[in-house]
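Shared between the two complexes below is chain A, which has chain B as its partner in the first and chain C in the second.
Up next is the complex of A and B:
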């Protein structure tokens, strides 16, 4: 079933950081949200999640910083149990083991607090928690920012194979156009609190129309060092 | 010059660094790449003297590294700041004792990092994570230190800002000659800016080579895997 929101917005300290935005996300969609640093991607992600949850829809969130999802005073085990409870998913040790080993963090000690794990491990733990239930949408905010390329690619593959055919849609917020190019079918570009361009991934990469999209496309490669 | 000689670090029963040796001259850049948990952050902590090596020596110009007042760009952008202080206070802390404060340098860095004054008057939770990362760079560079350790310094920036920021760091380095040790997952960045690349795996340096040679022909199986994954993620793709 299609998820739809309209009139999302955000104002902080008197500044509008997200202008009125409407979105439709169909079941199983793979959407990418890109844009310059500070353009409002995380803000849109948060607003979207709040609105959909208020509508009673099932949405999972992998925030940009694991800190946002993990309480420093609680063990990782506690977080997992809480997540199962929140999703009304009966405790299932097998599922936990499967998800953690698929993400290659089964070796981590769940009795530890988050800071006892590396940031890359924490990031994968949060991704694993998002996969416990079967949400209608997962918002992934820079999910690979703390991962090395081998693990980043594996993690994205795992997400895809886990979600394939389930109907769960994903919104991938990323600064990495190279990553988005391979993982999503539609791209939205943000600039100064607005979605300024939306198109199929291929069209957007081949002929970006707005300045924001052109700048992202033109600076993809480290080989063509600018300035 | 930074010298790390046959350093091993033990945490409990596990060896998190094993017989690591490297050196870094002023004005040069060494990129350390490798899997999550390979010991990259441990290496930084050891260089800064937060962890005492079990074996081996670490020094800067023959003295303890801390004597040269090195700076660190932390991996978690917001963790670098006190949540209750304005970002301006935190950023200026390394030069708080200087009279007069280096305002010209501050201006220049802010311009290069695209940080507005309005941003500096906010607190850490009131800026985006990419903005917090650039503020961390500002704080690390404000005092013109001779050695800077960067832990994933561009990980939260968009493609264009990454490139501008990398250029700014390199320009400053060319003028001031600081030594840069950069831990990064971004092989594209490492290959574009580093003089040498060290591949760290399970606490050991598996290869230490020039970027060009690493892209062309990694010497170890893990090096190849890393390069191929970076290619698959689009790190070396040419602009359309």
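Up next is the complex of A and C:
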């Protein structure tokens, strides 16, 4: 089922940081959202989630940093139970084990507070939590920024293989075109609060039309990085 | 965690030993001859030198500082606060009697303070910057600026003199505690309201809250499970300080309302140079402080174990 939103926007302190934007996301889509720092990617991601939630659609969020996802005073187990409760999903120890092993963090002590885990483990924990309710869309905001390149590629592979065939779409927010190019079939480029270009990954990489896309493509050498 | 708490207890013992030594040294070195003062207080006339010397020996003041200190601390370890150097009666029953007036007053004051400040802060932070918030902040600032003796007199004038609803002076009936407790409680409420309010506002600004909302966690659960613990940290932290305010305020309020209690007990003991009594009050105060701060530290670590980890 297609997810569609229209007229998303955001104004902060009197400044428009997201101009009216409409999006259509088909089930199972792999979309990348790229753009320079401060171009409004996270803002668009938040507005998209809030709008879809208001429509009653199942959408999960992996924030840009684990600090934005986890309460330092609460154990990881608490967060997990809370997420299950929020989704009205009955507690399921098997599912928890399955998801945590899928992201290779089954060995971590869930009784600890987030800061008792490495940031990379916290990030993967947040990704695992996003998978609890089998959402229609997962918005991943710089999901690998806390991870080293090898673990990052690994995590994305694990996530990909877990989502394969489930119909869950992903929106991957990143300023790393190299990461996006390998993981998504469609790319959107943001600049100053607007989606200025949207095309299939191949087309965009081969002939970027806007200035923002061109300057991102100028760093094609990033494609050599393993993720 | 257990090790951390053991460390805290050890620290508390060191503090208490220091307080015992310091008060004793302070009184020992106070100007004037303590034996003369005791003799004067006891006989109320001009006393000959041999009587003063006898008093000196009786009070254990003749063997020098360390001998006197040992003579005091030894029984203290067994919980014996000694005898009044003036009347010769045991200190503990008199101290307990005075405390039986002070403790209910302090507890009632704290209770009133909490009963006012928590709802006021919660209502104020419903709409930060709105008129209820401004009103609450103004009220709290006013409350903190008004001295206890003035507020106490105001309450006496209104409720005792004008309306005739409540008794003001002394401590004959239970109703006598109401006005002093109100005086104390309003002062406590003023400072607590500001702390709780800023604690709630800061907790509401935590960076992870938007993600919890997007995860579907209800506002109720967010308030209960995330905002309250974060808001509690600064409140628990200042609780030890709040106690200092409370002790000081209690003594003052007891004087204003002519209530018996630790305040008048201490004042009378100092005037009579009754060393054992003064020391007992100071030590008791220090003990209450140390125990409350110990509890505050433990609660603090339970809420936020990062504190303990950093220490270790």
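One rule holds for everything that comes next: the second predicted complex is superposed on the first by the 220 of 227 C-alpha atoms of A that agree within 3 Å, B and C clash if a C-alpha of one lies under 4 Å from a C-alpha of the other, contacts with A are read in each partner's own complex, and residues count from 1 in each chain.
Going forward, a contact is a pair of C-beta atoms (placed from the backbone, for glycine too) under 8 Å apart; a residue touches a chain by one contact, two chains touch by 3 or more.
For clarity, every value in this text was computed on a predicted model and none was experimentally measured.
Colleague: Please tell me, clash or fit, for chain B and chain C sharing chain A in the overlay.
Modeller: Aligned on chain A, chain B and chain C fit with no clash.
Colleague: In the superposed model, which partner reaches more residues of chain A, chain B or chain C?
Modeller: Greater contact footprint in residues on chain A: B.
Colleague: With the two complexes overlaid on chain A, check the angle at chain A between chain B and chain C, Cα centres, nearest 10°.
Modeller: Between chain B and chain C, as viewed from chain A: 70 degrees.
Colleague: Give one of first, second, both or neither to describe whether A:179 is in contact with chain B, with chain C, with both, or with none.
Modeller: The answer is first: A:179 touches chain B but not chain C.
Colleague: Considering only the touch criterion stated at the top, classify A:61 as touching first (chain B), second (chain C), both, or neither.
Modeller: The second partner, chain C, only.
Colleague: Counting only touches as set out at the top, which of chain B and chain C does A:73 meet: first, second, both, neither?
Modeller: Second partner only.
Colleague: Does the superposition put A:83 against chain B (first), chain C (second), both, or neither?
Modeller: After superposing on A, A:83 lies in contact with chain C but is clear of chain B.
Colleague: Taking the superposition as given, does A:7 touch the first partner, chain B, the second, chain C, both, or neither?
Modeller: neither
Colleague: Between chain B (first) and chain C (second), which does A:153 come into contact with in this model arrangement: first, second, both, or neither?
Modeller: First partner only, chain B.
Colleague: Once superposed, minimum distance in angstrom between C-alpha atoms of chain B and those of chain C?
Modeller: Minimum C-alpha separation, chain B to chain C: 7 Å.
Colleague: For chain A, what residues appear in both contact lists, the one with chain B and the one with chain C?
Modeller: Shared contact residues on chain A: 67.
Colleague: Tell me, which parts of chain A touch chain C in their complex?
Modeller: 46, 49-50, 53, 60-61, 63, 67-74, 78, 82-83, 85-87, 113, 115, 129
Colleague: Using the touch definition from the top, list the residues of chain A that touch chain B in their complex.
Modeller: By the definition above, chain A touches chain B via 12-13, 34-39, 42, 64-65, 67, 118-121, 142, 145-153, 175-179, 181-182, 205-206, 215-227.
Colleague: Show which residues of chain B lie in contact with chain A when the two form their complex.
Modeller: On the chain B side, the touching residues are 33-37, 41, 75-79, 122, 126-131, 133-134, 152, 155-164, 167, 185-189, 191-192, 225-226, 229-230, 232-240.
Colleague: For chain C, which residues are in contact with chain A within the complex?
Modeller: 206-208, 210-212, 214-218, 221, 225-226, 229-230, 303-306
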